[in-house]
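These are the structures in question, set out in turn.
In the two complexes below, chain A is the common chain; its partner is chain B in one and chain C in the other.
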Partner chain A sequence: MKKIFAIALGILAAIGGFVDIGDIVFNTAAGATFGYELLWAVVVGVGGIVTYAEMCGRVAAVSERAVFDAVRERLGFQVGLVALISAQFVNLMTIAAEVGGVAIVLQLLSGLPYRALLVLGVLALALALWLMPFGWIERVFGYTGLALLVFAVAAIKLHPDWAQVARGFVPKAEAENLAVYGYYVVGLIGAAMVPYEVYFYSSGAVEERWRPQDLGVNRANALVGYTFGGILSFALMISAGALLLPEGINPEHLGSVALVAEAPLGQIGLILALVGMLFAISGAAIDSVFAGAYNLGQFFGWEWGKYRHNSGAPRFTLAWAVMLLLGFLIVVTGVDPILVTEFSVIFSVVALPLTYVPILLVANDRAYMGRYGNGRVGNVFGVFYLVVLLVVAVAAIPLLIASNMGQG
Partner chain B sequence: MRRALLLAALVLVAGCGESTEPTKQAEDLGSVAAEGALLAHDAADGSSTGPFTRVHSDVLRKDVEKLEPKLKERPLVRLADEIASALDQLPDDAEAAGKRLDDAADRAEELAK
Partner chain C sequence: MNQIDLGLGILDHQLVDSEGHHCGKVDDLELEGIRDGSPRVAAILTGAPAWRGRGSLGRLAAALARGRTVRIPWEEVKDVHAEVELRRSAAELRLSREERARRIVERIPGASL
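Moving on to the complex of A and B:
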């Protein structure tokens, strides 16, 4: 009974922690631009993160090694260093976007000046990173992020055409705006599969000392948690498609996203949407800050991990503090966090194969994995998603330019 | 390789997200007006909060200010002025602002045709 309860709590945390600023921005913008036509791309993205999160969680539980341990070992120092640099670059952009997003939501809640809230937000994140144990961080932000389920209620209250919604799960070529359509497909898949999620997930498995007997928890968290997390993405896209598209509104701000819950549900909808966004984005900021420090610690062989306490892994602690500070310095210049989000998602797509190839290689390595290596089904999905990732990685930058960042 | 990357970066910095075509500019203004109208109506019937209405209307007004220097056609310039002025009425006079923004959204739709 206790184990089932623990699994349920883990799943809830995964649902609440699934959405970050990239998902919020891309799902809402895609809904406002194409209605429900791109729901299938969310399914593809969620399938990808489920496949690879399960794989890297299994690798961590069996070999006690996280992603960048494997990257360094399987790709060698030089190629591994390229992977590390690209991962850290994307991580830094993600941190900047999330930190800026936290300040924007705080401003929408309080009306106080943005820059003051940026400082306050970073201090609050630093305190959470410093003081909270790993399990608490994961769960507190995951559970409170569940307030985003208000968008599912909003989607129902907005009475979308459910037949059209159902048709959105079948891919359909959009000949008129092919570049914009392609840009959003890439963005939605990229937002669902941002690399920091697997760095954090696999390192978290090591932090929580998963062993082969925890593979059921891993499977449940990855499969059920991320799949239900995808519902939040559907809800954002459906409610934006039902409310913003008919009005010709192109949502370019987090406030526009909150309006989607406010219009059908009033003040309570607005407040739940803002609180949900605040905790989901804060949780993602913490995950991506830790992911950056995990990568450095694993690649250079430092002592790493929150379970060692701050003084037990000083270089790891310094690394996350520097990552957070750099993210703050980027957004304090006045750069628009939403613009940074769009760039970070598209650039992360380019870096995706460098993250996912080593995971697939290690998950197939019997010397590492013994009898827990990938089975046939795991490999079919793994290879399918690798091909998808290679295609979207090649197409990402040309589509960003050709579609004028989705503006047409 | 370096030149290609530099070129790509320049294209990104120079071109992305900016609109110079009048129909696209009308669409952009219409989007801001429609969003402002939605916000104003919610504020008028007590569905919003004061800080949210004030902060978000400010953000929308800045969007109009960003568009204004690129507008070449007089009807678009007048429309932008009208939207910015209506947004300034928020949150104090939400009902009147909502009506003006509805009208502005309709005019933008006409201009975008």
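Moving on to the complex of A and C:
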């Protein structure tokens, strides 16, 4: 009973922790541009994160290795270093986007100046990172992020044409502007499979000392948690499609995203949407900051982890502090966080295969995994997503240019 | 110990000292007896300068990073599984204990949280 309860709580945290600024931006923009037509791309992305996270969690539980341990052991120093540098570049852009997003939402809530809120937001994040034990971070932001379920209510209240919604789950590309369509497909898959989530998830599994008997928890978190988290993405796209597309509004600002919940639900909808966004994006900021420090610690063999006290893993502590500071410095220049978000998602897609491949290799290696290696189902999905990732990685930058970042 | 693949089973693995502290990676291996046809691992090399043996990117990284190479004789290795377990503490083996970073972090209140 106690175990079921713990699993349920873990799933809830995974749902609330699923959405970050990349999902918010790409799902609402895709809904406002193409209505429900791109729901299938979210399904592909969610399937990808489930597959990838489940493998990473299993590798962590069975072989006690987090992602960048496996990357370095499998790819060696040179290729591993390239993977590390590209992952850190993407992480840094993600941190900048999330930190900027936190400040925007704070501004929508308070009306105070953006840069002051940026400083305040970063200080609050640093304090949370410094003081909170690992379990809290996952839980607190995961649960509060559940306020985003208000978008599911909004989606229903907006009375979308459900037959058309259903048709959105079938892939087809008959759009006028194929480059824009393709750009959003790549963005939606990338936003769902954003790599920091997986680095954080696998390192967390090592932090919590998962063992093979925890594989059930891993499967529940990855499969159920992320699948239901995907529902939040559907809700964002459906409600944006129902409200913003007919009005011809392009959500270039997070304010118009909150409007999607306010229109059908009034003041309470607006507040729940903003609070949900604040905690979901703050949680993502913290996860991505830690992900950057985890990667460095694992690649160079430092003491790492939140279960060690701050000075017990000093390089790790300094690494996350520097990552947060650099992210802050990027957005404090005044660059639009939404623009940074789009770049971070597109570049994460380009870098993804470098960390996906070693995990797929290790998950198949009986010397590491014993009888817990990938089974047939695991490999069908694993290889399918390898192909998806390679195609998407190659197409990402050309589509970014051809579609003028989705502007057509 | 069972049969180990040096390339995949030891190189680039985590070093853990007798107290359970992470203290670097197996950055390179020192082999001996290659000419007389009975090669064996003489020592583990760890630390930034040891990256010089890891290709051109390794040489570049070694030139940019600070640090020293520590040579750990193979006799100091207790066990090899996911991690390479050492018989003695990092301090005794003169491995990094991250002292410089620790001094900075310890100046901040709440460092032991």
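The definition used in the following text is that the second predicted complex is superposed on the first by the 407 of 408 C-alpha atoms of A that agree within 3 Å, B and C clash if a C-alpha of one lies under 4 Å from a C-alpha of the other, contacts with A are read in each partner's own complex, and residues count from 1 in each chain.
Just so it is clear, a contact is a pair of C-beta atoms (placed from the backbone, for glycine too) under 8 Å apart; a residue touches a chain by one contact, two chains touch by 3 or more.
Predicted model only: the values in this text are computed from it and were never measured.
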State whether A:300 touches chain B only (first), chain C only (second), both chains, or neither. second
Who does A:156 touch here: chain B (first), chain C (second), both, or neither? neither
What is the contact status of A:124 with respect to chain B (first) and chain C (second): first, second, both, or neither? neither
In the overlay, answer first, second, both or neither for which of chain B and chain C A:310 touches. second
Output check: A:322 vs chain B and chain C. Expected answer is one of first, second, both, neither. What do you get? neither
Pick one for A:267: touches chain B only (first), chain C only (second), both, or neither. first
Applying the touch criterion given at the start, work out whether A:388 contacts chain B, chain C, both or neither, answering first, second, both or neither. neither
Go through the superposed model and pick first if A:110 touches only chain B, second if only chain C, both, or neither. first
Give me the intersection of chain A's contacts with chain B and its contacts with chain C, in residue numbers. none
Could you pull out which chain A residues touch chain B in their complex? 107-111, 247-253, 255-256, 258-259, 262-263, 266-267, 270-271, 274, 339, 397, 400-401, 404-405, 407-408
Within the complex, chain A is touched by chain C residues 5, 8-9, 11-15, 21-25, 27, 46, 51, 54-58, 61, 82-83, 98, 101-102, 104-106, 108, 110-113
Please give the residue numbers of chain B that touch chain A in the complex, ascending. 8, 11-12, 15-19, 24, 27-28, 30-31, 34-35, 38-39, 42, 46-52, 54-56, 59-60, 63, 105, 109
Given the complex with chain C, which residues does chain A contribute to the contact? 63-65, 69, 72-74, 76-78, 80-82, 130-131, 297, 299-304, 309-311, 313-315, 317-318, 367-368
